[in-house]
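Labels A, B, C and D are assigned to the chains in the order they are written; within every chain, residues are numbered from 1.
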């Protein structure tokens, strides 16, 4: 009976696939480098996702545009019903003036300000105004939820070093990158996984390989300053027999997946990134990113997280 | 002393039970095929569940109906108190006009628009209006929470392939189905369980059997595209000695339970489905559901997830 | 060197303690039977807990009382400032009429209805009104949050059988109780623990013992109907050499702790209960609580979950 | 091939570092004793964190200041546009009176009270008022979210004993501290870790050492009263060969990390604290912090959690 074979390619849900060309699997910001088709255009949960994830500028613009649009819509209805049904509007003015008065009456209704110097009279205008104030309240209810959701959504914002480096490590070398918490909240119980992927020639065919890299430490209790994640290039490492040229030629990529508990939100958060072959520096070491201030307090300089110094790697590369 | 026997039938909380007839245990949408009686009619948490789970059309209709109903209720009270206590209402009109004026005054009060062209005077009308505005604010507070809850509720929307198939797999066969994320959010750390259930004849009595199926892989790190879940039909598989006729005759069902971490909501989500004997295709293989676009980006066609091609399964069936 | 001894008494954070008398450790509703002193009177998080956990009647009453109180407070200020600063109030009336007018003006301000037939004039009255509307908005903001919190709080509502029974089980006996989900939401990945506690005489001193009972199954995947939790009284069970009189004499208690994943809220929920010696029935079996309706759908009768039939237990008790 | 060495120093993400001087790693309140530089000034998630974590006094002051500031801003705009565009304002008054009238009109607009005794006329004033009411609604939407967030945020509030003590334990000694839940909510499934850190002289260089301490029990099911966490000083304990002078000289610190499930919020919460060498009492035992009241109910006195009695420790210290 055949032994069920563990197919590494499935690990990211990508299935068996031919070699990639100039494409990452995971983008630097942690999103996956793929698209989907055959999806219905309008889906509630995705609208929420979009509204939560868009920039604040975009979000504010959208809210403002919606506010203007809905007031234009209702102003038109009031004009159609007849502005004589809005007590307090000067009926002598131009059509533009009438429309603007109706527009401002609509704004005062939907925002529930209701000064009352203009007020609806008669069944049609009063009904529309009653409906508009309901819609207004529900819309602002939604906006309340969205604003809260935007502000309070737990998510890890991890600052990863720009490069993944091969550095001296005891008497061998190791693949290393550094990370720090970009936010001031506390991250605890961190766990990191690094997946190595490249185009391998198997039976004459280029097949994308995925394999996890063993780390010196894959979890820490508390991330106070920075954390240098280290894959020692031992005899067992798939990188043992590879050099920079090989990695670049075979479109190597290192996929980083991080999980942590966010202490402020009391929730588990995830972060992902990847290093492509162009971000590998073969022969370098990280410079310290933190120091002690006059009071002996540890100070982490987030902008120094990328700082490294190129160094010559000795015998190992030569022995390749 | 007798060894405590593991009774598979309890696994879904169903207890020992006779064989089913033309009934699923779990419906295709993941709900369980059961009802409950002896439950009090009115329970807060279940009302919330209903309001959160109903369609948007239904929800909006309900809100609108409640708004109209509550205004009719308060309008009646104002009419009973006497519309002369609402300053600004034309006292000369018909009863219908009076009621409608009271209705619109109520709407302006509960929505807190309060134009003021109609205003309460005297203790009774003022008290009712003060209470109504309180009720209005609390009702819209509830609506705010419900709207937010509806929009922001984390849940997995998984697109499962329509059929579960028996396909060639290395030099044996395997039971397979496919799934993809219907939403654009990221699912990570997925875990799937497949439970096989059918009517077995034990000691001459038909008893419903439940047993888990061993999977080639039961978890993946990241669901970027589709994931084909595979149960290899090895010597150890309970399916080894069964064929399609047997499964159909014994009302076989495959219950699928999936757990994943939703990266947008930072929460664990669950999804369930089941395949009944009618959804089994014995002898087929899935066609690729994704491709590369001009830029080399992976493109998943969600509407192709069901696509399969019927094929002849060789020796194994014959050997049965 | 002495071996570190596992002290069972600590398991519930109760420390070493003498025997109890007519007291449960855990109440039937899952709360612990203890009080705390030395706690500051006013603590934010506990206020929130109280407001979330109180009954709806109590909550509504509290909101109404706060609304009246705050309006009385502001009305007094307006009266002190002088009601001539509230335009539209009839200045000729009695002090009571003035106060009531100020009261309704306050209500219209704090609810932001603002009809405007009464409006503030002059710096002091206008300032107070401006502040009141701010306070009003923030108070209703809080009420919004509380209402949402009350409605949406995830929690398991488990219906436990009234009695824990000793029933025949294969050719021995077993301790059993039954549970079902009282709500219509789906509970998955359930896990249950049962802790047995009684007064033991150790070295002549009565010491409270706590020990976990081994269960036939301690977790199930999905709770569709009821679940009968079973502790087989094997040779290894601490109950092996006990009978009902012993349990009653030594104030036995069975503490039940249940953990599950609530599929509607996508959160883990917990439930606890306990059975005191008075709720043990020695010699009974549970009657089926579910049936099939005309369509073959499983129907669970929640009100039948307690139903049992007393039976004689054979040799085992006699052999004691 | 060299064996990958586990470097304890990384456990808190602190990296290799020289000995500390008069500095804790973790403060008593659980925050880490470090700062970060190179962080952009303005970041949404951190603003939210600050607004959630600041004191209630500060928060209310901030909201009030923002309310005044925004009204001054809009009042200025209305004055610039010309107060003749605000119908109902007495145009004869002083500039200060005009500004104050505009200020109160702004307050009535942004809070959506809108009495209407002052109302905007003309395109510019009406437009500004329409915009202001939109801004007002969104601001109060944010405030709603923040208030809810402040109130409902799950977090453990653990009362740790002031001192960590070395007490007699069976026939050896043990390091102990006590903790209790400061809140009235239920904590279940508690898990505690204790990390010991001090300056060690390694190869003539002072290096900060971090090592976990083995506990008698590292988790309990339910925290009803207090929990005494115990590290027995066995032959395997790093404390075996140390005394108080050594710990003080080498700036010892005990870092406590606690994880629990909060039953009210159905979420996992974390708590941290640390004991510096000055908080160690060598030779003491905790006095009982709980008692039974007249009804036999356990009563925990939270203010007695620190209570201890100094005692002489016998042979062990002498044998050092």
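By definition in this document, contacts are C-beta pairs under 8 Å (C-beta built on N, C-alpha and C of every residue); 3 or more make two chains touch, one makes a residue touch a chain.
Computed from a predicted structure; not experimentally measured.
Peer 1: Please tell me whether the contact surfaces of chain C and chain D are same or different in residue numbering, using the over-half criterion.
Peer 2: Both copies touch with mostly different residues.
Peer 1: In terms of residue-numbered contact pairs, which of B-D, A-C or C-D coincides with A-D for over half of them?
Peer 2: It is C-D that repeats the A-D interface.
Peer 1: Which integer distance in Å separates the CA centroid of chain B from that of chain C?
Peer 2: About 27 Å, centre to centre.
Peer 1: Multi-chain contacts only, two chains or more: what residues does chain A have there?
Peer 2: Those would be 108, 112-116, 144, 148, 155, 265, 267.
Peer 1: For a test of understanding, state which residues of chain D touch chain A in their complex under the given definition.
Peer 2: Answer in residue numbers: 1-2, 4-7, 10-15, 20-23, 25-26, 31-39, 43-46, 48-49, 52-53, 87, 108-109, 112-116, 118-121, 123, 126-127, 129-130, 133-134, 136-138, 141-142, 144-146, 148-149, 153-155, 193, 195, 257, 259, 262, 265, 267-270, 272.
Peer 1: Sort out for me which residues of chain D touch chain B in the complex.
Peer 2: Going by the criterion above, the answer is residues 112, 114-116, 144.
Peer 1: Contact residues on chain C for chain B in the complex?
Peer 2: Within the complex, chain C touches chain B at residues 56, 63-64, 67, 71, 100, 104, 107-108, 111-117, 140, 143-144, 147-148, 150-152, 155, 157, 170-172, 180, 182-186, 188-190, 216-217, 220-228, 232, 234-235, 261, 263-267, 290, 293, 296-304.
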